[in-house]
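Chain naming follows the written order as A, B and C, and within any one chain the residues start at number 1.
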Amino acid sequence: VLPPIDRLFSLIDFLGVGVGALGGALAAARDTRYRYDLVGVIGLALASALGGGITRDLILQQGPPLAFADVRYLLTALAGGLLGLLFSSQMFADRFGATHFGAGTERAIVVVDAAALGLFAVAGSTRALNAHLGVLPALLLGGVTAVGGGSIRDVLSGRTPKIFERGEFYAIAAAFGSAAFLACDMLHLNRSTSTLVGTLCGFALRMLSLRYHWRTRSIRVEQSS
Amino acid sequence: VLPPIDRLFSLIDFLGVGVGALGGALAAARDTRYRYDLVGVIGLALASALGGGITRDLILQQGPPLAFADVRYLLTALAGGLLGLLFSSQMFADRFGATHFGAGTERAIVVVDAAALGLFAVAGSTRALNAHLGVLPALLLGGVTAVGGGSIRDVLSGRTPKIFERGEFYAIAAAFGSAAFLACDMLHLNRSTSTLVGTLCGFALRMLSLRYHWRTRSIRVEQSS
Amino acid sequence: VLPPIDRLFSLIDFLGVGVGALGGALAAARDTRYRYDLVGVIGLALASALGGGITRDLILQQGPPLAFADVRYLLTALAGGLLGLLFSSQMFADRFGATHFGAGTERAIVVVDAAALGLFAVAGSTRALNAHLGVLPALLLGGVTAVGGGSIRDVLSGRTPKIFERGEFYAIAAAFGSAAFLACDMLHLNRSTSTLVGTLCGFALRMLSLRYHWRTRSIRVEQSS
């Protein structure tokens, strides 16, 4: 039996995968050019939910990615994708007069997504440390784990990864959470405490950035001709 | 010496790689924006032919991908790519008054491609089972193997993977073939029989979908404003 | 202590990573659509500098990629990316009245990039031979190592890899350097000599192609309607 704190992390992990898949499916199903069929919606849902972890595991080379080795990840992602499909269906639209969630549901999705952002970043860094990588590679791998799924989804949708573009604080929140975790680990706090601190830091920065509409700016300098 | 059924599978495997490369080269050489040079045509041919198997082997992490470890795959893909280049050349156009194949050749390519679709899906699932993955991951990996090459080609050509878009039955045929194979395997049929059944199912569904012009539909719901 | 020739190779290796990152950062920071923020510029710098080697190491499956296992690569790439950021900043523009380098600096970057192109191709082939791959896969892997970073950067920027398009001699110079190295190796020259010959061949072909404005041509045939 897992201790309570690990059960909490496991819960956030799977909720994060499910919400990632739900978000990927909804984005595909709401595509304004009516491009995607069933395969597209489910495929983009799986890529969004599992792409970050798969990328992490391909880099660490410790056997097949967790998303393939532990079937619960794939089941959770499929469930999230099918839920997204259901909410986008004509039947749902007819019955509830809307193809969008209410404000409360949208808010819950944002909160879970922010918590998962923090946890995924910490999980990536944890696995990097376990594979004897240094602190800086562990920081990078934390970020890749947290933002990889969305970025793969973006590339498969024919666009530049959103995290590279000026706009929301997302990758920065992940890097911050990962850095907080690594700092705690270097101070020899135990893993559960470090994980909690890192996840909370990533989560808090993401939520604050949404609350106060923080935006990143373009690097490009206006040319004085 | 391989038994006859395994020699048939091996034949379809290499024919599939060659036809995949040919298709990739022709698509690149016929690009309406005149973008691709020699490197582009051969590169897109190799990506189309070998990308699915390479992705499968990267995920399974059992050593370098077969496409690098067994040189026959690379040679076959190169041959297919060079053939596509030859058929697209000015010399060929001058001599035969056309840069396209006759109807019979186009038909043969479609048949080989459909057979390879079925076999690649089964091969991906077989390797997944051999690596002790579960049935659901094996199904996903079968699909990835069958459609991965074309999808990588699409992304490298600056577009969304065609398999995600409404249109032809392709990924669904692969998934169906893979599922048929996995069902036979769970019924303890021997591997050759299971492979044959799975490949035939994928092949048949693909050919039927072309014959009867089955199309997948967009998931997007028309908004009643 | 490394012998002098190996120290030269190591120098070119790290200079190549740094210049790759610098080029990636500058391209992102000069984006005409003002798209990229800090994460985008540094992310595209890292992808440009390290993407080729990471792809090579993922294929070879001999443990985590060198870019993660040896922190000097990541530090060098970060330094190159930050330098690019600095040169693109308002402060720099105000102080020096320009956001571009002088002709001498631009020229030095081109020379280092060409040397790195040759060395990366040879390094990819060397590692492939060490992993007991054949000559043809080693040639392909040399090319992938040399052009992979730029190609990943291109895909992440929402465009087709430049190496596939008609234009500059780049992938061909890499393949030529790799082929020269492999030929020397088959003639049983020692590794340092083979590496030097291969790197020089790739470098020379790249510099000559720039000096004499050699261009690759589109494969597409004009249709005589």
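The criterion applied here is as follows: a residue touches a chain if its C-beta (ideal position, glycine included) is under 8 Å from a C-beta of that chain, and two chains touch if they have at least 3 such contacts.
Quick caveat, the model's predicted, so the values are computed rather than measured.
Participant: Counting shared numbers against all numbers at the contact of subunit B and subunit C, is it over half, same, or under half, different?
Facilitator: different
Participant: Using only the C-alpha atoms, find the rotation that maps subunit A onto subunit B and quote its angle between 0 and 180 degrees, to the nearest 5.
Facilitator: About 120 degrees, rounded to the nearest 5.
Participant: Just give me the whole-number Å value for how far the CA centre of subunit B lies from that of subunit C.
Facilitator: Chain centres of subunit B and subunit C, defined by C-alpha means, are spaced 31 Å apart.
Participant: Going by the touch rule set out above, which residues of subunit C reach two or more other chains?
Facilitator: 58, 61, 155, 158
Participant: Which residues, counting only subunit C, touch subunit A once they are in their complex?
Facilitator: By the definition above, subunit C touches subunit A via 28-31, 34-41, 43-44, 46, 54, 58, 61, 63-65, 67-69, 71, 74-75, 85, 88-90, 93, 99, 155-158.
Participant: Please output the residues of subunit A touching subunit C within their complex, sorted ascending.
Facilitator: 58-61, 128, 131, 133-134, 136-137, 140-141, 151, 155, 158-161, 163-167, 171-172, 216-221, 223-224
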